[in-house]
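In what comes next, chain A is part of two complexes: it sits with chain B in the first one and with chain C in the second one.
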Partner chain A sequence: MSEAAQVRAARPTLVERLFLGASAKDYVRSLLTPGDLAIAAILLVGIPVIVYRFAFGLGAATHLSQATPWGLWIGFDMLCGVALAAGGYTLAAAVTLFGYRELKPVVRAAILTGFLGYVFAVIGLLCDLGQPWRIAYPLVYSWGTTSVMFEVGWCVALYTTVLAVEFLPAFCEWMGWAFPLKLLHRIEIGAIVLGIVLSTLHQSSLGSLFLMAPGKLHPLWYSPYLPVFFFVSSIAAGLAMVIFESGISHKLFHDRCDPERPVDLDRIVLALARGAAVVLFAYVFLRLQGLADGGSWRMLGTGWGALWLVEVGGLALVPSLMFAYASRHGRVRVARVASVMAVLGVVMNRLDVSIVAFNWKHPFTYVPSWMELVGSVTIVTMGIVTFRWIVNRMPVLSRRGATGIAER
Partner chain B sequence: MRIGRRFFLKSCAALGAAGAVKALPAADVTPAEAAAARDGFGVLVDTTQCIGCRTCEAACAEANGLPEPERMGDDTVFSEHRETSERQFTVVNKAKGEGEDRFAKTQCLHCVVPACASACPVKALDKTESGPVVYHPDRCIGCRYCMVACPFGVPKYEYDKTVPYVRKCTMCPARLAEGKPPACVESCPGGALLFGKREELLAEARKRVYAPGSKYVPHIFGEHEAGGTSWMYIADRPLCDFGLPADVGERSYYENTRGALGAVPFVITLWPPLLMGLYAARKSEEKDHE
Partner chain C sequence: MDTGMLSSFQVAKAIEYLLAVAFLASFVPFWRYATPRAAAPAKAPAPARVPVPAAAPRREPAGWFHVPDGLALHPGHAWAKAAGGGEVLVGADDFTRAMIGSLSDVDLPAPGTVVRQGDPVFTLRGAAGPLPLVSPVDGMVVASNPAARVGAFESDPYGEGWLLRVHAPRLARNARQLLSGSAARAFMEDAANRLRALIAPDLGPALADGGVPVAGIAGEVGPEAWHRIAREFFFVESDRGGV
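Then we have the complex of A and B:
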């Protein structure tokens, strides 16, 4: 037999690929673990909640009001989802454009996290929109070119497509399609540059959205530099998410890693930590400049100031110093703890801007309904399940899963 | 290093694709257009003339096919400050503070350069040349950014509907087209609502406010607020007593995001060559090392 014929013979069928080589019955049986049952329980409650929201409207399912038009689904699913999905463009830029080759083993997982992050952020947005079936209107029907939201809509739509293109090679390798791989390799640099341009635009524009609400957002958070804060913190969020997610992935999906070509994850984590230290420190400094610009130093003495100090001091400055210490002294665990703190810091920032410090003069406070919480948890769970499904099949963490295609 | 044809074409493709995203200028409202909007119709609310009869509320409800306002003819409604809602586009409130009883109706102020229209990603909200800020329900996607943006808290959402829309006062544009004033103005028995061209109303307001021995406070709310509004208020006590916000500033809200949106074309134009340049420089360096 020729070599090509051997490869062809060794190719698993589509069904084998989908069920990981097991029979359908065995595959279903393999899902009866406590973790999978917990996921099933979440989806069993969550999906009906989402259906309920569409059947009975936003008023029935959420605590949104005339004074609080945006709640958890925008503040968490959209703003946090997009920020935490920034690892895709950050890592693509670091490896391909800036030449940090040692980071290459985690790029695919970062791009997949990014892609799914966007897809599920858009699903969260669909839940939140009053008329979600019109979601494409800003693209095709009516152009509101003076709106930041218009820009965000375009960029998110295009960048989700770019991420899909960036992830396609893994899919093609899994399917054993050689032809598109060549084409995809050719447009790789273009896609990465386009991805960075689009990410620069919409990561910052998600902050610009709130420039429209100077009277509603607390002065400690409102600043003309909101777009810069959002953009710089998204880079930090992206790096921290890759540190956090790669640690979990390489533990959980140990069998998906290639024992013959082990990845020196510690070295990668420390390299990422170095980057995160610098970016986070710059971010803290920018936030201080925002305070100086707004002249709101004295407000640090109030309760709002305490919240600000926890967010910027505790969950940005401290992890920045921890990252620096970790990379200098080779302490991987410190970097991992710092990555969790930094992720929480960015999440807290997005929630502060969109929910907590928004409408700060109003006597009432918005607290999400249980259905909003369940909806958000469900969407995150669906994202994790999809991630796992793909990682278990396609060549994401290592070359495993690539069928009949030589490494380029 | 050499920038090859393919590399060049790729850069151009990336640039072109990105450029297509926002080939349109961010500056949609020119000063000339703003001037035209200032020239449109408006209403001057002279709160010293309002007797709190709420006839305007009833007329508004009828004109817009909304439910009749609650507790008509019952003065207990004034015991608390009421807000407009998706079912009531105008409400009359009693002013806070010392002195004679004073009332004022609130509704959309029909800004000269509206925050809601600047914020809308689909142009569902629009400032018309004749003055009204109108709503096109057929375009609305329900993102509610108009509600986040409006400094006066005007747009209201039909949260209890499965196919919801934004609702607010539209200044009766159909009536205006027929040469009639808005329904509320026509119904007002006390002369508290003056309808006319904004410039003429401003002149009238100045005459009343700055006349010798005038009882009015020297402030025409809406002359400059948020870049100017088509509905304006004068009163013989501080205008914040009527629930009108004191923190909106004099700049139009459109200006708030103008700088950020203005940066878009620069990012699209400068990022690709810069990043490609970095890439090319690194590649040639790698080649030199080999």
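Then we have the complex of A and C:
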């Protein structure tokens, strides 16, 4: 037998790869853990709820109305999902364009997080669309070139494709496909540059959507700089999310890391913390500029002002200072706590803009229905399960695939 | 419009300009603050290159073992010295040299290896046997010093006898566990006293008259005393069968 044939014969089969080298029976048995049962319970409740929404419509499943057509699925799944998925383009730009090669070990995980973030944001969008089968209309049939939504639709569709292309090398390595891998490496730089351009466009455009509603959005949040706020905060969200996610991934999936190529994760976290510190620092000043431009200082003394101060002061300025302290003194744990705060800050900002401070003068307050909440939790859970499934099989945290080990 | 008063538009613009100036004025100091301390240009005498021991190392008059200023000593008898760019040089101290004597080999970790403060990081092999030493810092090995194997460690353990160059992003935090200056000298003197008490019966007259210990004490003491020395002074278990 030739050497190539021997290598092929030694390669695990597709079934072995899918079941991590175990038999189907043993694999299913390995899933009977409390964590997996909790996930199963969420999906058992959540998937029928999503099916119910598609069967009976938005009116039956949600508290959305003509006055509040955008609810939790847009505010959380779409706006937060896209912002928190920004680690993909941020890290790709830092490593490939700006030469921060020491961050390379976490790029694949960031790209996977980004890719899944977008895929599940689109699933959230599908849930929210009154006629989801028309999702492709702006792309192929009805070009509303003067609409911000047109740009968002195109950018999100293209960038999700670009993220798939950026992640495909891991899939090809897992499958042992050498030729497509070679082709993908050739277009890698182009895909990364395209990804950065598209992200810059649509991260800001998601903020631009709210420029159309100056009377509906509370003055503390409304600003002509909204696109800039959304873009800059997405960079901070991406960096914070990579810090947060890499800590959990390397702890949960430590046996998926390559022992021959140890990663100094603390060093990476501290480098990311430094970046997040200055981005958040700039973001806080931008928000203050927005406040000055709108002349809304007096409103800081109201309940809305308290909410604004928590969001900008407590969950942007404080994490910025914590990131700087962590970077200066090598305090990884401080950086991790700050990353959680920064992520919460960006989530709060998107929810404030799209839900809490939107329609603030309206007599009726939008409160999501239990089905909307369950739907959101289900979509997030599906994202986490998919991430875990992929990391357990494909070379994401290391350059080697993993087989023969139970799901982590 | 009342020209004598500032309009709200003008006030808003003035605040915007002030904010912009405040941001520009504070950004660079903030950036500098966020720069890791270990990577900042060192004000203290922290040479970028390994210092050449032109002058004879200072020997404390009352001590057996010397420790110079400008480096940080781990209680496990490994030292770290800032080398610029967030990196430190790591080596073994005079106490270790006295214990091991002539080196037959050194097991050094490969570049890229992650090391943790307090975990064994390299092994010195003398005629007496192997002695693992713990790392004084967290970080990643950047380079090792082949010259240490061929006499540099014996002649100059704090200079050309360095063993590893380590990227140490948490040096500031690690430094809390390290000793320098007078604290390091006091520690070394205490180590000498403890050693004297431990091995005096074995060394006998070589120490009783106040002289300095022979190089390669490890080869002069029995296996039991050596195990105690490894445990109590280096925080490791020596696997030497009997030296």
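The rule we apply is simple: the second predicted complex is superposed on the first by the 395 of 408 C-alpha atoms of A that agree within 3 Å, B and C clash if a C-alpha of one lies under 4 Å from a C-alpha of the other, contacts with A are read in each partner's own complex, and residues count from 1 in each chain.
Convention: a residue touches a chain if its C-beta (ideal position, glycine included) is under 8 Å from a C-beta of that chain, and two chains touch if they have at least 3 such contacts.
Remember, it's a predicted structure, so these values are computed and weren't measured experimentally.
Have a look at chain B and chain C on chain A after the superposition and call it: clash or fit.
Chain B/chain C on chain A - fit side by side.
With the two structures laid over each other on chain A, which partner does A:F285 touch: chain B (first), chain C (second), both, or neither?
Second partner only.
Looking at the overlay, what does A:C155 touch: chain B (first), chain C (second), both, or neither?
So A:C155 only meets chain B here.
Could you figure out whether chain B or chain C reaches more residues of chain A?
B
Would you sort A:S147 into first (chain B), second (chain C), both or neither based on which partner it touches?
Touch status of A:S147: first partner only.
Report, please, how wide the angle is at the C-alpha centre of chain A between chain B and chain C, in steps of 10 degrees.
Nearest-10 rounding gives 140 degrees.
Touch test for A:R331: chain B only (first), chain C only (second), both, or neither?
It touches chain C, and chain B stays clear.
Could you tell me if A:L209 is touching chain B, chain C, both of them or neither one (first, second, both, neither)?
In the superposed model, A:L209 contacts chain B only, not chain C.
Enter the shortest inter-chain Cα distance between chain B and chain C once the structures share a common frame, rounded to whole Å.
Between chain B and chain C, the minimum C-alpha distance equals 17 Å.
Please write out, lowest number first, the residues of chain A touched by both chain B and chain C across the two complexes.
No residue sits in both footprints.
Inside the complex, what are the residues of chain A that reach chain C?
261-264, 266-267, 270, 273-274, 277-278, 281-282, 285, 288-289, 292-293, 295, 323-324, 327-332
Using the touch definition up top, name the residues of chain A that touch chain B in the complex.
Touch list, chain A to chain B: 54-60, 62, 64-67, 69-70, 93, 96-99, 129-132, 134-135, 137-138, 141-155, 158, 187, 189-190, 193-194, 196-198, 200-201, 204-205, 208-216, 224, 227.
In their shared complex, at which residues does chain B touch chain A?
10-11, 13-14, 17-18, 21-22, 24-26, 28-29, 83, 85-86, 115, 117-124, 139-145, 147-149, 151, 153, 156-165, 245, 247-249, 253-254, 256-257, 259-261, 263-264, 267-268, 271-272, 275-276, 278-279, 282, 286
Over in the complex, which chain C residues touch chain A? Could you list them?
So the residues of chain C touching chain A come out as 8, 11-12, 15-16, 19-20, 22-23, 26-27, 30-31, 33-38, 112-114, 138-140, 167, 169-174.
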